[in-house]
Amino acid sequence: MQALLDVRKIRQDFPILNRRLNDGKRLVYLDNAATTQKPNEVIDAICRYYSEYNSNIHRAVYQIAEEATEEYEGARENVRKFINAKYQEEIIFTRNTTESINLVAYSWGNANIKKGNTILLTEYEHHSNIVPWQILCKSRGGKIKYLEVDEDGYLDLEALEELLSRKGDGKIKLVSLSEMSNVLGTIFPAREIIRIAHEKNIPVVLDGAQSVPHMKTDVQQTGCDFLAFSAHKMLGPTGVGVLYVKKAILEQMKPFISGGDMIKEVHKENTIFNDLPYRFEGGTPNIADVIGFSSAIKYLNRIGMDNVRDHELEMTAYLLSRIQEIKNIKVYGPKIAKDRGGLVSFNIEGIHPHDCATILNDFGIAIRSGHHCAQVLMEKLDIVASSRASLYIYNTKEEIDILIDALNHARRIFNI
Amino acid sequence: MQALLDVRKIRQDFPILNRRLNDGKRLVYLDNAATTQKPNEVIDAICRYYSEYNSNIHRAVYQIAEEATEEYEGARENVRKFINAKYQEEIIFTRNTTESINLVAYSWGNANIKKGNTILLTEYEHHSNIVPWQILCKSRGGKIKYLEVDEDGYLDLEALEELLSRKGDGKIKLVSLSEMSNVLGTIFPAREIIRIAHEKNIPVVLDGAQSVPHMKTDVQQTGCDFLAFSAHKMLGPTGVGVLYVKKAILEQMKPFISGGDMIKEVHKENTIFNDLPYRFEGGTPNIADVIGFSSAIKYLNRIGMDNVRDHELEMTAYLLSRIQEIKNIKVYGPKIAKDRGGLVSFNIEGIHPHDCATILNDFGIAIRSGHHCAQVLMEKLDIVASSRASLYIYNTKEEIDILIDALNHARRIFNI
Amino acid sequence: MSEDIYREMILDHYRNPRNKGKIEDPDIRINDSNPLCGDEISIDLKVEGDIIKDIKFDGRGCAISQASASMLTEMVSNKPLTTIKDITKDDVLENIGLTNLGPARIKCALLSLKVLKLGMVKYYVDRDPSSAAQMKDESKVF
Amino acid sequence: MSEDIYREMILDHYRNPRNKGKIEDPDIRINDSNPLCGDEISIDLKVEGDIIKDIKFDGRGCAISQASASMLTEMVSNKPLTTIKDITKDDVLENIGLTNLGPARIKCALLSLKVLKLGMVKYYVDRDPSSAAQMKDESKVF
């Protein structure tokens, strides 16, 4: 079989991968689920904006402002194509996944969730897909239900169907779930879940923070009503998120962040809001980083999202098999690599994940340890924290080997 | 008198000032009230972050994450010092001034504005300091009053005192105003206004979008309860704003954007929020740009904000006097340069400001034309739009001369 | 260069706009504004048996938007209402002789076309509400 | 290097924590968590005439936070409650022999001190609510 990605070449595009750490070690970056590294062309796009045509957009008629507007709106078109949305107006730029979900909770939620309504989440959701709904429900008198996740990290679609069929007081008004768990790694069958929900006329918010960066996304195929994701988890800069909303729904939604740029006319007593999508982008946007994000998307397109997925699948299978060699290790989530995105969470009995990460740092390895903003899941798993290694296009089997050696070293330090 | 700033040297720090436009003309950038240009060291700080220590902050224990956390929190300390806030916890990073004001409207406003309460704004406010209050008042049953601005662009402090003294139904619960008008250029006596308001126990929001970049700010001296401003208007990157809130008030405020990073513990039914200021920064922050902003502040500190102000005063006086040579020109705002920040808005009778900007673009001049997000003021002035030239540390008298020549050329084209 | 934009013809239509004003008791009255600059254009139409019998525009704006509106009214006057469907953005730009405007100024030039198309859609939908879905995209200009 | 951190003393306190558990009917019971990792520490105190007569801690956490809590309880046991005021973050770090921790791990090492200071403040404020303002900053550790 032919190599899926030319990883050696890809690595040359990422300046940080040449970084030498304090003790001269090379960086082994395995925290991609938290944020990914950035290729030169993304960094360059940002520099070029600031060095050549930095200016405020939409409202000015001079040359550099027109250039900036064109690049900014071009980024919107690139995002539209990347997730195969039907209309550009369906793409709203936010700061991150978190703000995208908050936008839905404040704007759609306040208008549609009433006393006694229930919102269905799952037990593996990220805090960003829990807390906004808790706050909404507290203010509107709604309730939250959590769909259970089983031992191996799967959902029970029959239980889902049963829940969504409930009438009267327990009726579900909205489903919001992550397409891929940032702890278990499970990829959930979004299309199937949405089909079931839509049969009962229940809209679905998809948290794509972990899925969009790692596999092909097609909002028209999955049919999701809302999709939230972050640029910084897919080679793009910090400070940019996306919220996709189906046009028919977006047209009914009230503005969230209000002020400059999202209005058509402001009078003392009332305001006429701007057309879509501008109505939802108040104030000077994060112009430079939206343009940088556009470059990240171009980079991913060039590689091809199917190749990204295939590479990660190969790496994940290798990581899964090697990590299970380690004594007293507990690995969370599906046993089968193809049901997973490119991350593996684990605990070595007797070593707290924090201590594990500190020891790994001696090897130049960057992994995450903690609750991964998923404390509801941690409670379910009856742990406080776990370690997580997460992969992307530039990771190699050699790096996984370094990780395994380091974990064994940790066992020796702790005498386990 | 000695030159205030070594403008020639400063200009070398800004790569965009070497930009040649389509027709070979050099850029004459006079739209600084919309956004300023960025010096090399700000651009470099962003590149360095992405090339050397890009990682998610606060929650990881590996080396580059600790470096990033340190830089990010160091930026907070730099902002604190820059506006002389008492505590670091009082500094919240947002996307821009607009989001900062929305945060106050949603979090403080929803808890404190009740049916019949009045919020006092002024007629010259930017849409970002009007629309959030309109939306708040609509949902809470509150009212907005606009303090009038006179012919020459000043407020009547006696009228203010009278308004703030009203009891019962017309009682004012909050004052929110811009310290400097982005159209009239007037610098308003914030300290005096806040003193009057505080005598009646009324808190004050200061929109510092135009003032903080151009003059020394001291929140302990002015005593404002809230201060909002944007990094991109003071040499910093797009995508970063600041909200300062007095600690005693902030402690009482509920979160706005909720999700990862702003929590201490999340359970199925409830959440314990994180300490200040993290409680107000949900999701992955705009790490790179906050660090870039920190560099911008260092740059401004090195120049000295008093020198910034003095340079602008000199330029503004020159611009004001030269522009009045032009026939049929109407200049808005104070006649006296020292009552102004570094911007001048104007209209030439018979030339729509849009057409004016298009003609100026032929000269490489970037100025703004339009309603400047201040349509309430436009209605008051009985115009649809105006042109605006706005200055910063790198602008020179030669550039002002080019502007004057171009305006005269526009008059010739339009035969006026 | 702006000399190419502000030719005599544009300035003439700007200073002496054709069909400027209001129609009393119009069959269609519609307006929209350009959020870029706050400029507004309203258009009144008198329609007889599908023919545009009278058209007037009103509003404040720049030379480009005003001249463009003025020329557009001349272009459709006494034509069938359905011709509006077929007018493209390029038709308008060619008609006023401004084919190389930047993206910001293009919106000025096309505001009147946008308003006119909105008016036509409104006219048909008022008469036949069931056509709303089908007419939805007819008012798209850019 | 982590070998310097995970020395025998730390691992010993981690595996065999001193004063771990709960006090029945304590004079002070207080807890806090580290938002970084979700680790929790609760501390119970028995105070007699201003002397800490008994102290126990409980919670789950990493070797550093557990060892640090264990050593801290030894440090203040049978001391006057007011000594807690004077314990600095450097005292704790020196006591456990970890003076070069990074900013993230420092929070692990200091969580127990933070909880202990919170407990002391609560004790005094419960007895004399008017002291709240004055005690406000006493619980600051970092």
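Letters A, B, C and D name the chains as they come in the text, with residue numbers starting at 1 for each one.
Basically, a contact is a pair of C-beta atoms (placed from the backbone, for glycine too) under 8 Å apart; a residue touches a chain by one contact, two chains touch by 3 or more.
Predicted, not measured: the structure shown is a model, and the values here were computed from it.
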Measuring centre to centre with C-alpha atoms, which chain is farthest from chain B?
D
Chain centre separation (chain A, chain C; CA means) in Å:
44
Suppose each chain is reduced to the average of its Cα coordinates; what separation in Å results between chain B and chain C?
37
Inter-centroid spacing, chain D versus chain C (mean Cα positions, whole Å):
74
For chain A, what residues touch not just one other chain but two or more?
59-61, 63, 65, 263, 265, 354, 358, 361, 369-370, 375
Would you mind listing the residues of chain D that make contact with two or more other chains?
36-38, 105
Mapping chain-to-chain touches, which pattern fits: line, ring, star, complete or other?
other
Chains grouped in pairs wherever the two touch, ordered by label
A-B, A-C, A-D, B-C, B-D
Where on chain B is chain D touching in the complex?
58-61, 63, 65-66, 69-70, 263-265, 274-275, 278
Could you pull out which chain B residues touch chain A in their complex?
15-16, 19, 21-22, 27, 31, 34-35, 37-38, 42-43, 46-47, 50-56, 59-65, 95-99, 101-102, 106, 126-132, 134-135, 144, 146, 230, 232, 237-241, 255, 257-263, 265-271, 282-289, 354, 357-358, 360-361, 365-370, 373, 375-376, 379
Enumerate the contact residues on chain C facing chain B in the complex.
1-3, 5-6, 11, 36-40, 60-64, 105, 108
Listed in rising order, chain A residues that touch chain D in their complex are 23, 352-355, 358-359, 361-362, 369-371, 375, 378, 384-385, 413-415
In the complex of these two chains, what residues of chain C are touching chain A?
33, 35-38, 102-105
